[in-house]
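Worksheet for the structure shown next.
The first chain written gets the first letter, and so on, giving A, B, C, D, E and F; residue counts start at 1 in each chain.
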Amino acid sequence: MNGQPMLLLTIISEAVLESTLIDEIMAMGAKGYTISEARGRGTHGIRSGKWSASGNIRIEVVGDSDLCRHIVDNLQKYERDYGLLIFTSQVELLN
Amino acid sequence: MNGQPMLLLTIISEAVLESTLIDEIMAMGAKGYTISEARGRGTHGIRSGKWSASGNIRIEVVGDSDLCRHIVDNLQKYERDYGLLIFTSQVELLN
Amino acid sequence: MNGQPMLLLTIISEAVLESTLIDEIMAMGAKGYTISEARGRGTHGIRSGKWSASGNIRIEVVGDSDLCRHIVDNLQKYERDYGLLIFTSQVELLN
Amino acid sequence: MSFEPVVLFFLLGVIAGLLRSDLKIPGSIYEALSIFILLAIGLKGGVELSKYPVGDLLLDGVIIVLVGALIPLVAFPVLRYLGCMNRADSASIAAHYGSVSVVTFSVGIALLGQEALQFEGYMIVFLVLLEIPALVIGVILARHGQGGIRWGRLLHEVFFGKSIYLLVGGLLIGWAAGSEGIKPLDNLFFDLFKGVLALFLLEMGLVASSRIAELRAYGVFLILFAMGMPLFSAALGIITGWSLGLSVGGSFLLATLYASASYIAAPAAMRIAVPEANPALSIGASLGMTFPFNIFLGIPIYLWMAQWIHTYGA
Amino acid sequence: MSFEPVVLFFLLGVIAGLLRSDLKIPGSIYEALSIFILLAIGLKGGVELSKYPVGDLLLDGVIIVLVGALIPLVAFPVLRYLGCMNRADSASIAAHYGSVSVVTFSVGIALLGQEALQFEGYMIVFLVLLEIPALVIGVILARHGQGGIRWGRLLHEVFFGKSIYLLVGGLLIGWAAGSEGIKPLDNLFFDLFKGVLALFLLEMGLVASSRIAELRAYGVFLILFAMGMPLFSAALGIITGWSLGLSVGGSFLLATLYASASYIAAPAAMRIAVPEANPALSIGASLGMTFPFNIFLGIPIYLWMAQWIHTYGA
Amino acid sequence: MSFEPVVLFFLLGVIAGLLRSDLKIPGSIYEALSIFILLAIGLKGGVELSKYPVGDLLLDGVIIVLVGALIPLVAFPVLRYLGCMNRADSASIAAHYGSVSVVTFSVGIALLGQEALQFEGYMIVFLVLLEIPALVIGVILARHGQGGIRWGRLLHEVFFGKSIYLLVGGLLIGWAAGSEGIKPLDNLFFDLFKGVLALFLLEMGLVASSRIAELRAYGVFLILFAMGMPLFSAALGIITGWSLGLSVGGSFLLATLYASASYIAAPAAMRIAVPEANPALSIGASLGMTFPFNIFLGIPIYLWMAQWIHTYGA
């Protein structure tokens, strides 16, 4: 399998930020993204997903390290006020 | 933690392919798989998940690199016509 | 991107274990966790997610290797009786 | 012109989508609403069917299906040669227009209710019958001269796809139980039908609004096709219904069936059987254009056409 | 033999599953339907209960619970020694059969409605009472001679598990509000009950179809048990009901309760309290075999049994 | 004191949450229930509105909105100076209390139904009107002297947020269709309303129970505020309603509107427009304390206040 080394950027955030984050991500030049629903717990307390205001989303973007850095830099401004968890991992893109 | 090094194969695809992909994956000898619902955007446009025809799924298979290669080779034929994103990452299996 | 190297611990288990596992994870000192719904197949058969008793969950915890080891050690006792899949991968935490 | 307030919910959904409102109906609710509508229509059809001797409907059924099969056969060359589209896309779109839309049909029934017009209850049976040949013809058109149709897979998709399965299942249960046996279910499946239809139209509006934008990218030909084709099919339906001696309501419903384009059964079946066709085109045309055209303009026009031919025909 | 059309929806679901139709009811809708059914049954029971002085039911209740407790105590040795199953599995299956199924019970009530037979409204209270001891006995049987039962966890699971909690909660609200106070809720909880039951049975059919296949793997003994046990329990119920002077409908419902096997409360409780038991066995038997057996064959038989004993008994 | 059994479902939810029952209502069902309630209220309001000449309501509307705008303007300094909270939190909480709760309002209507009291149907219009200025004032208070309000984003959130959009949309559809045109939808939107409200209250109870715990962390001041503020606002409402010559039911509903605090529209709008405010505080107070206070104690008190002033006033 000679895949292409890439970064997988995972962002976990409050669902209310969805459209804002997506706009930022696409503006930075991402080719796509994948979203799934999540719930959880962190420094901002329990996010139970029981009702609209308490759900999280999990956004994944596959891209090169430049793209990921740009996105992360741009999301810095949301960190103070919103529950966010951002991490990358190495993946091999196979198509 | 002396886990076993393994590959985690992640496939993001249109929900309509679910049973086809699962059949392929099990036929290649996978011991299992995990599916979760997703939505997203890529070269095939927005997949909003709003209705049955527009949802994505996220399939994960933990296996050795042989298995993953076999699966990926077998999925090649769907790439032309369907929205697919396939990547692997290194994991340590702990049970 | 000078992120912090961390481990991402992923646990896939029967939904009925949710509160038990969460209690264990928080008791081990995790700062948070993220849960999403899943379904799948493994040695314990098909878990279709069609009804309450047959759904899986996917728990993710970002933490250092000590924390992950503690959690994994503590979950050992559930492995005999419950469908569980546990693995870790290297990530860079960016916030 | 006749007007049915339930279509305002569709408008509400479209506007919400265009204005990027955060209103959204969860996917699982969409599934539940569509299961409800398919089952309810099937049950209603079955109850009606139980009042007729099936044999009497046979000839009518055969004629209606044969005429209906003309629709994809006319649509295909128009798309292929007039529209210069590739074979797969032409075939897939033709299948969508040959197939039918349960929701468009339901709006038609709602309008008849409001206008207090009768119709032949067994029309619902034809809804089921019309779905099937269109999909098969679509696949044959796509594969013509290439061989390699996976008939097993296709027919499985057609017959056991959610949409036909629930319609046929409901039909059989309604037929077996009859109007007396089904009575305890009336409160759910019949009395709530129109309200659920309103909610479903709201959701359809949300979905369609994103399709409208997409459709624009494919140029003027597809837009014209998406409005002209239903008018042609409806005319075919009116004439067929009138020739068979159906009532005004029956001819109108047959026209509505012919004119409607599928967006539940056909997309799923075509995605499997003709994967190289671009679903954005067929769904864009059927859901983004033909569906709103039908419920706002088409349906009132078809009713007027049916009334006209029954008054001045012959 | 008596027949209730609502069970056809179960059949529709089973066939969809066996034919691998793409019909599926989302998990969240399953949850919503089951919450509705549990609440509605609870409310109905509470309203009925408010018409009786609770004291009068006490003796009947104690007898019915004590006789009901025999069921897991009989099932356990049969499974353990006749079936050669291990202790945990035998105990878990025994608990499932000692516990009750709200949906089976609802189908029983639907049949009484169709046959225009009366029944003692407070029977629903026994539904709640019977669930509890069976689960406790199951755990004791599993742990016999080993100690280490986590009673706190178990009792929490039993009393605050969704199933009992909603039944009891509905019961109390219905009882507090009374038949007048609950009237504005009738449109939702009572009038729609049978329709929702039909949808739930459709979903149960989809789920059960996958269980039927699994059950085959466990051989003929479990299949025989899954049909013989309800017949035995039903006989116990008929005799108890008749001895207590219940009506035909009441005796029939008691038989149905005894004969039914749980697949909501028991699986959840057993998975927590007896985790080494294989859930595929207990759910396979109760949902894959006993549930369809009861709704298609058992319930008509039990009604016939109840009518027989009330005619020829004594 | 007047009592409406539907609130028992809220209690059932709270207790389930406190006892850590595994009962949970899936998020998608919550969404569906809230869409239903918003649409149904809007439709009802629209039907009522179609019976009045809109011009006549104009003056009343302006006064009611102006008086309503006092609420956040009073709440802000109380929170900021008496409660020593920071600017953003004070402004956000003030906006929640200036805004309204559709469910609290619905419980109020349910109580009037039970007490067989009339009310001015167009009150529902004010529900919509009151939501908007409160949110705008909240943002101005938060940003005062700092500039940088993103008005476009905020107004989009206010007007096209799910809550206002569905209320207004329902209102317009109800108004366009009128009481005759909407009749086929009555079975779903009006007859089932109270039952759906009961289910929604069950879910609200589950959600609120987790908020109650959180609220405790923020001390006694916020708890007192969450009970005192609605009493003050209700008094304002009673006096305004009585001065405008509304009926007892109308004055009571206006008091209920003023007294209620938002937990659908306001949290979403404030999270976007004043992100530095801690949502745990505002939602904790409005949902964890004011909502239960209103439905259990407030509403009966406001009714009593309205009856009192209409008897002894002037």
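The rule is short, and it goes like this: a contact is a pair of C-beta atoms (placed from the backbone, for glycine too) under 8 Å apart; a residue touches a chain by one contact, two chains touch by 3 or more.
Remember, predicted model here, so these are calculated numbers, not experimental data.
Shared contacts of subunit B and subunit C, meaning chains that touch the two of them, come down to A.
Least step count on the touch graph, subunit C to subunit E: 1. For the pair subunit E and subunit F, chains touching both partners: D. Compared with subunit C, the chain whose C-alpha mean position is the greatest distance off is D. Chain centres computed from CA atoms place F at the largest separation from subunit B. Counting every residue number used by either copy at the subunit A-subunit B contact, under half are found in both chains.
Distance between subunit A and subunit F, defined via averaged C-alpha coordinates, is recorded as 34 Å. Centre-to-centre spacing of subunit D and subunit E amounts to 41 Å, using the average Cα coordinate of each chain.
If each chain is reduced to the centroid of its CA atoms, subunit A and subunit C end up 19 Å from each other.
Residues of subunit F found to touch two or more other chains are 20, 22, 24-29, 31, 162, 192, 268.
Annotation for subunit C: residues touching 2 or more other chains are 36-37, 89-90. Of all possible chain pairs, the ones that touch are A-B, A-C, A-F, B-C, B-D, C-E, D-E, D-F, E-F. Subunit B meets subunit A in the complex at residues 10, 12, 36-43, 56, 58, 65, 68-69, 72, 76, 79, 84-90. Listed in rising order, the residues of subunit D touching subunit F in the complex are 5-6, 8-9, 12, 15-16, 19-29, 110, 113-114, 191-192, 194-196, 198-199, 202.
The touching residues of subunit B, when paired with subunit D in their complex, are 14, 16, 37, 44-46, 48-55, 78, 80-82.
Interface residues of subunit E, counted against subunit F in their complex, comprise 26-29, 31-32, 35-36, 39, 156-157, 160-162, 165-166, 169, 172-173, 176-177, 181-182, 184-185, 187-189, 192, 268.
Of all residues in subunit E, those touching subunit C in their complex are 24-25, 27, 30-31, 34, 162, 203, 206-207, 210, 214, 263-264, 267-268, 271-272, 275-276, 279-280, 283.
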